[in-house]
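You will see subunit A twice below: alongside subunit B first, and alongside subunit C after that.
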Partner chain A sequence: MALPLPPGLTPPEVAFLCEMELVTVVPRQRLEGLALLGGQLPPLNPPHRTPLPLWLALLLKRQRRANIVPPPWLSPYSLEAILDHEIKHEDGFSPPPRLPHLPSNSLPFSPPFLPSSTADAAADALPYHWLELGEMLLEAAADDFEDPDNVRKLLRDLREVRMAKLRKGVEVLHAGGAIKMNGVGGMEVGEGRAFVGGVIDGLRKIAASREQQRKDRDREERENGYPGTAEDSDDDMDMQ
Partner chain B sequence: MGSYYDVDAILTDAQKVPCTFELTVPGLGFVEGNMSGDMKQGSKVELPLWLGEMLALSQSLNTSSLVTLDPPAALAPRVLNALKADPRTVDLRALAPHFYNLGARILELFEEEEMIEVLSETFKARASVIADQAHNPRGALGEGADFMRGLDENERQLFRAAHDSAKAVRTWMTDLKKK
Partner chain C sequence: MDIDDLLAEVDNDAVPQETRDLQELTRAWVAERVAPELLPWPDALMERVGGRIRRQIELVEDQTGNMDPKTNFKLIVIQTELERFKFLVRSFLRARIKKIDTHPLHTLSLHTSSPTLLSPSELQYLTQHQALLSQHYASSFLSQFPAQLQRLDDTAGGISMVDKPDEDAAVFCRALRDVGQVVVEGTDRRFEMVRGDVSVVRWSAVRRAVLGGDAELI
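Here is the complex of A and B:
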């Protein structure tokens, strides 16, 4: 009860994190390259498309100094295909974008550092920040979409379908179990965390006595010198 | 389990469980409502869980335990059968306001594999209904009002958590439009 905020991120915090995603803009005015903490930004030359962080793109958009090119997965065609996939495959979410192939000696990149929302991103997968990015772009740059109302409707549908799946996932949980959450977005994790965490806590509380019994039995077995098969690895760890 | 100041844990321990006295205790009749008499051997009394547990587990020098503990009415076989049949229709709040906490405490004292199963299944089945109710903007005014009234304290917290996080996302979306 010490902290008024629940664990995890609030929606504004998730949206803030989303603002570092790169999006493609078509500048209308020249702008010198900016030296920011995140690195040097390329100079803006009017007809040339340039990747910029979302927060800067939104700022320039509001000042009418640039247009934002929506990522390809935010087109009605891709969203319909993804929604179709979500409805047909009831056990699991649509997969996240594939990671690019890298030479074996380089460090792997993970989503926040991959340009998953620029104009040349994959069209057939929802990236981690799909909901936040879609909502923010629709709000600030609706005139850059071909069919903003349709996109908005499809985003709502997708959100409904996926949240329903997340809620249904708790039925297969047990005290030590898990839900497969591959491909779940940042805002969805933030929204589902309190509920799913609460269910798991409740289940563990109910089964606490069974867990305690198992621990006691394991300890007894170890003390009596009949190590069960599961303890072998633990014993090895202790020796090292 | 829980912190020392956990109000829910305190309230859980205050729930009554049926106890049977194995010994005659002089002058303890007032517990039974018999002001000046003795507590007879074999009399059944409803005691708070914390007291019943202490009396049942304390082993005095030469006797067996002072009282024997029985599972409370909220966890009787009749209730467990009803939960097995359909978890959604049982009014847990009427049985015990802290139903699952009481169940967990009882399971610490009794070994009941089946009760763990029944309670876990009940909790899961009801949790998914709670999630739907929390997400439904009509909320408790709709057809689920009876179900919502029958939630125990744990489930109410779960409902509040699910409802608050869904509301936070909706608030963020409307705030976005104001900018």
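Here is the complex of A and C:
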């Protein structure tokens, strides 16, 4: 009953997340609006472009009820520009798409719920689920691309350049963690998690005694400087 | 135009509750799969999602007899989505049960101090499972030990028998709002986390930001 998997998402789970991304479809058949669990589905009226979650777009595509419009960044022109950027700037991934305006008091949305892969998304940045989305679209809807082979080749190049960066990033790993990885992709997080996390945890265990000394010293300083907060008393209880 | 139309117009701008719940549920699922320790039970969210899933199942059961091909396809779409939701909820619950099973006594003591950690059924599972286990241990071997060695939560000698999850494990974390300065205790590391930043950092350093909704685990 309990989940027999280690912490972290498996590749199929990352793909499952990616299937919630919105893509733009051109329907070939009418479909009335449906009240789905994740919100109202807009009615499909050919040939009006409609944003749909990827899982539904793939279902419609497989049954030849719709065509999928590939997102602008998934074109040879954009991918070449991004690849060029990745090769020229060795010290980090290419920047992620710009975030939309943050609603002040409501829930902040994040991938896969940001419209970063619809037909009117930004063309100059790879979204979080770039690799999974690209692969899935190329597999199920290759005929909707103008030049699928070229796109496939560029995706592979991008993947290799970025994986090399991820591996090279090992040199900056540190026991305290705190490594910035802006622009990293969902599948890349899944692949790098065991290794990056393992190295950081291992380094931490090596430095554990020194850290413990420092923690004790910091706590003493704090207690002498000003009265301890509730958190301190919690820590003290652990020590007994 | 009456007041309902006006209200509907205002509502059109806002994201519907269903979509927000899906975002929240997805986030909770990923966090529970990734975080080293058990996170508080999202009571209101699971209540809403559970109710909706129940109603959708009833709808599917009502309409399954309908042989009209058009309704049939609609049902396929609804059922596909329903299965996706059920997977999310199930995987979420199973990830939690795994953590409860790994650290039962630790979880129980945490729940006693902050009663929002477990759902009522999880608490029932934990206490009854633990009661069965300790009864079994006692009858099969513990009763033959000297009395002072029979406890399962001994803290003698400064070492607690109760296992705890590794709260300093490294996690991948994304800031949803500007978090401000994050300090890694025991080291010189301190850094600013602004909206959109992705970092690999100790769970203990970002726990507060994640539980407060300012950051999410990925």
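By our rule, the second predicted complex is superposed on the first by the 199 of 240 C-alpha atoms of A that agree within 3 Å, B and C clash if a C-alpha of one lies under 4 Å from a C-alpha of the other, contacts with A are read in each partner's own complex, and residues count from 1 in each chain.
What we mean here is this: contacts are C-beta pairs under 8 Å (C-beta built on N, C-alpha and C of every residue); 3 or more make two chains touch, one makes a residue touch a chain.
Please read all numbers here as calculations on a predicted model, not as lab measurements.
Undergrad: Is it subunit B or subunit C that touches the larger share of residues in subunit A?
TA: So, of the two partners, C touches more residues of subunit A.
Undergrad: Is A:R193 in contact with subunit B, with subunit C, with both, or with neither (first, second, both, neither)?
TA: both
Undergrad: Check whether A:K215 is in contact with subunit B, with subunit C, with both or with neither, and answer first, second, both or neither.
TA: second
Undergrad: Regarding the shared-chain residue A:V161, is it in contact with subunit B (first), subunit C (second), both, or neither?
TA: The answer is neither, since A:V161 touches no partner chain.
Undergrad: Identify the partner contact of A:E171: answer first if only subunit B is touched, second if only subunit C is, both if each is, neither if none is.
TA: In the superposed model, A:E171 contacts subunit B only, not subunit C.
Undergrad: With both complexes overlaid on chain A, does A:E135 touch subunit B (first), subunit C (second), both or neither?
TA: A:E135: touches subunit B, not subunit C.
Undergrad: Would you sort A:A81 into first (subunit B), second (subunit C), both or neither based on which partner it touches?
TA: neither
Undergrad: Which holds for A:Q40: it touches subunit B only (first), subunit C only (second), both, or neither?
TA: second
Undergrad: Taking the superposition as given, does A:E32 touch the first partner, subunit B, the second, subunit C, both, or neither?
TA: After superposing on A, A:E32 lies in contact with subunit C but is clear of subunit B.
Undergrad: First (subunit B), second (subunit C), both or neither: which does A:A119 touch?
TA: A:A119 contacts neither subunit B nor subunit C.
Undergrad: After overlaying the two complexes on chain A, where does the subunit B footprint on subunit A coincide with the subunit C footprint?
TA: Subunit A residues touching both partners: 174-175, 193, 197, 212.
Undergrad: Show me the residue ranges of subunit C that touch subunit A in the complex, using the header's touch definition.
TA: 14-16, 18-24, 26-27, 30, 33-36, 49, 52-53, 56, 73-74, 76-78, 80-82, 84-85, 87, 91, 94-95, 97-98, 100-101, 158, 166, 168-172, 174, 176-177, 182, 184-189, 191, 195-202, 205, 213, 216, 218
Undergrad: Once bound in the complex, which stretches of subunit B touch subunit A?
TA: Contact set of subunit B toward subunit A: 1, 100-101, 103-104, 107-108, 111, 113, 116, 119-120, 123-125, 127-128, 131-132, 134-135, 154, 157-158, 161-162, 164-166, 168-169, 171-173, 175-177, 179.
Undergrad: Which of the residues in subunit A come into contact with subunit C in the complex?
TA: Touching subunit C from subunit A are residues 1-5, 7-9, 13, 16-17, 19-20, 31-32, 34, 36-41, 55-56, 59, 96, 99, 102, 106-110, 112-113, 174-184, 186, 189, 193, 196-197, 200-201, 204, 211-212, 214-215, 218, 240.
Undergrad: Which of the residues in subunit A come into contact with subunit B in the complex?
TA: Those in contact with subunit B are residues 6, 10-12, 15, 135-136, 139, 163, 167-168, 170-171, 173-175, 187, 190-195, 197-199, 202-203, 205-210, 212-213.
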